[in-house]
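Following this line, the structures themselves.
Each of the next two complexes has chain A plus one other chain: chain B in the first, chain C in the second.
Showing the complex of A and B:
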């Protein structure tokens, strides 16, 4: 069963994104195919150079860098949201790619989870 | 009455536009927490305002400073609260 975990909230504002990430890592740890989608404001998770130590938090950029270690091989960013938040695709992490969010995109997955 | 507006909501949150609508001439606006992403939000008519630098840095937006946006630190925010008679937290 292929699962899509959606992160659509800004980093550091609340804990929904980190909880979604934990869910993705847990699925991957049990060898369940999982894909992370960053849509809407969630694309800001992918911005390079975050300095969250000033907020006494761990950078979500560092959390995400562990995704491939946990077996989450695919990070997908909503192309329209990247434009909305002025995040050029060449600044995305290596494991990330951009896509248009269409019904066909969501139909690839057996489960879609958005906290 | 000179008012300081402090907003922590993202620019696509309904309260963000409500805050902008409530700004009177000579009022001050401070972006904190999620609201600092307004610095990169496309086609947002952002008035002259302040942005909390630690929140800007945490979100890697320090390269995205806009004309009319002044970075402040925590003591700077405290100083603003002292010089305004009224504070609205959005």
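Showing the complex of A and C:
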């Protein structure tokens, strides 16, 4: 089963994104195919230079950098949301790519989880 | 003649009682699927959904206690119910083992809920016919 885990909330506003990321890492740990999608405000997870320590939180940048190590090979960002939040594609992490969110995109997956 | 196929379900609840409708929608669905002859494999509490497993939930006497309602249903149907351990510890839901491990003054998990890792959810994605998510916005 190919699963898409969606992160669509700001990185430090609540724990939904972190808990969605934990789901992705767990699937990968069991060798289940998993893709992470960042859409809406969730694309801000991919923004470089975050100062999470000022909020007394752990940086999600560090969490994401471990994604490939844990076996989450594909990070996808919604192209429209990147434009909305003025995040240029050349500033995205190396493992990330951008895409248009069409029905055909979602149809690639057997299961879509958006907490 | 209509022939129906019996399916197995896992329900994932990620919305808390009293701040979302997720636990009550999930319970209505669980009752309906069992009544229709399907199998409820397990219930998995995740994120704020773990608050459903707190035995300290004390609503006013004229409101339904959703933890108690779920506990009764789970025991009647002998359905396993798991609270994600990472979500639960973060939100102050502990069983006696975690109480001891973290030297906390009390445990508060309601029976028959148990604590386990996300591996249980992954296993469910492989074994259940259907996984349904009841979110905070449901």
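Here is the rule we use: the second predicted complex is superposed on the first by the 115 of 115 C-alpha atoms of A that agree within 3 Å, B and C clash if a C-alpha of one lies under 4 Å from a C-alpha of the other, contacts with A are read in each partner's own complex, and residues count from 1 in each chain.
Note that in this section a contact is a pair of C-beta atoms (placed from the backbone, for glycine too) under 8 Å apart; a residue touches a chain by one contact, two chains touch by 3 or more.
This structure is a prediction, so every number in the text was calculated from the model and none was measured.
Trainee: Should A:86 be classified as contacting the first partner (chain B), the second (chain C), both, or neither?
Mentor: first
Trainee: For A:27, select first, second, both or neither according to whether it touches chain B, chain C, the two together, or no partner.
Mentor: second
Trainee: Pick one for A:15: touches chain B only (first), chain C only (second), both, or neither.
Mentor: Only chain C; A:15 stays clear of chain B.
Trainee: Check whether chain B or chain C contacts more residues of chain A in the superposed model.
Mentor: Of the two chains, more chain A residues are contacted by B.
Trainee: Which of the two partners, first being chain B and second being chain C, lies in contact with A:1: first, second, both, or neither?
Mentor: A:1: touches chain C, not chain B.
Trainee: A:97 in the overlay: touching chain B, chain C, both, or neither? Say first, second, both or neither.
Mentor: Neither: A:97 stays clear of chain B and chain C.
Trainee: Using the superposition on chain A described above, determine whether A:66 touches chain B (first), chain C (second), both, or neither.
Mentor: neither
Trainee: Once chain A of both complexes is superposed, is A:54 in touch with chain B (first), chain C (second), both, or neither?
Mentor: first
Trainee: Would you tell me the residues on chain A in contact with chain B in one complex that are also in contact with chain C in the other?
Mentor: After superposing on chain A, no chain A residue contacts both chain B and chain C.
Trainee: Can you tell me which positions in chain A touch chain C when the two form their complex?
Mentor: Residues in contact with chain C: 1, 3, 15-16, 19, 22-23, 26-27, 29-30, 32, 111, 113-115.
Trainee: Quick check on the complex: what are the chain C residues that touch chain A?
Mentor: 14, 46-47, 86-87, 90, 117-119, 121-122, 125-126, 131, 133, 135
Trainee: Considering only the defined contacts, which chain A positions touch chain B in the complex?
Mentor: Against chain B, the touching part of chain A is residues 10-13, 40-41, 44, 47-52, 54-55, 57, 59, 61, 83-87.
Trainee: Hey, which residues of chain B end up touching chain A in the complex?
Mentor: Checking each residue of chain B against chain A gives 8, 10, 12, 33-34, 37, 40-42, 54-55, 57-64.
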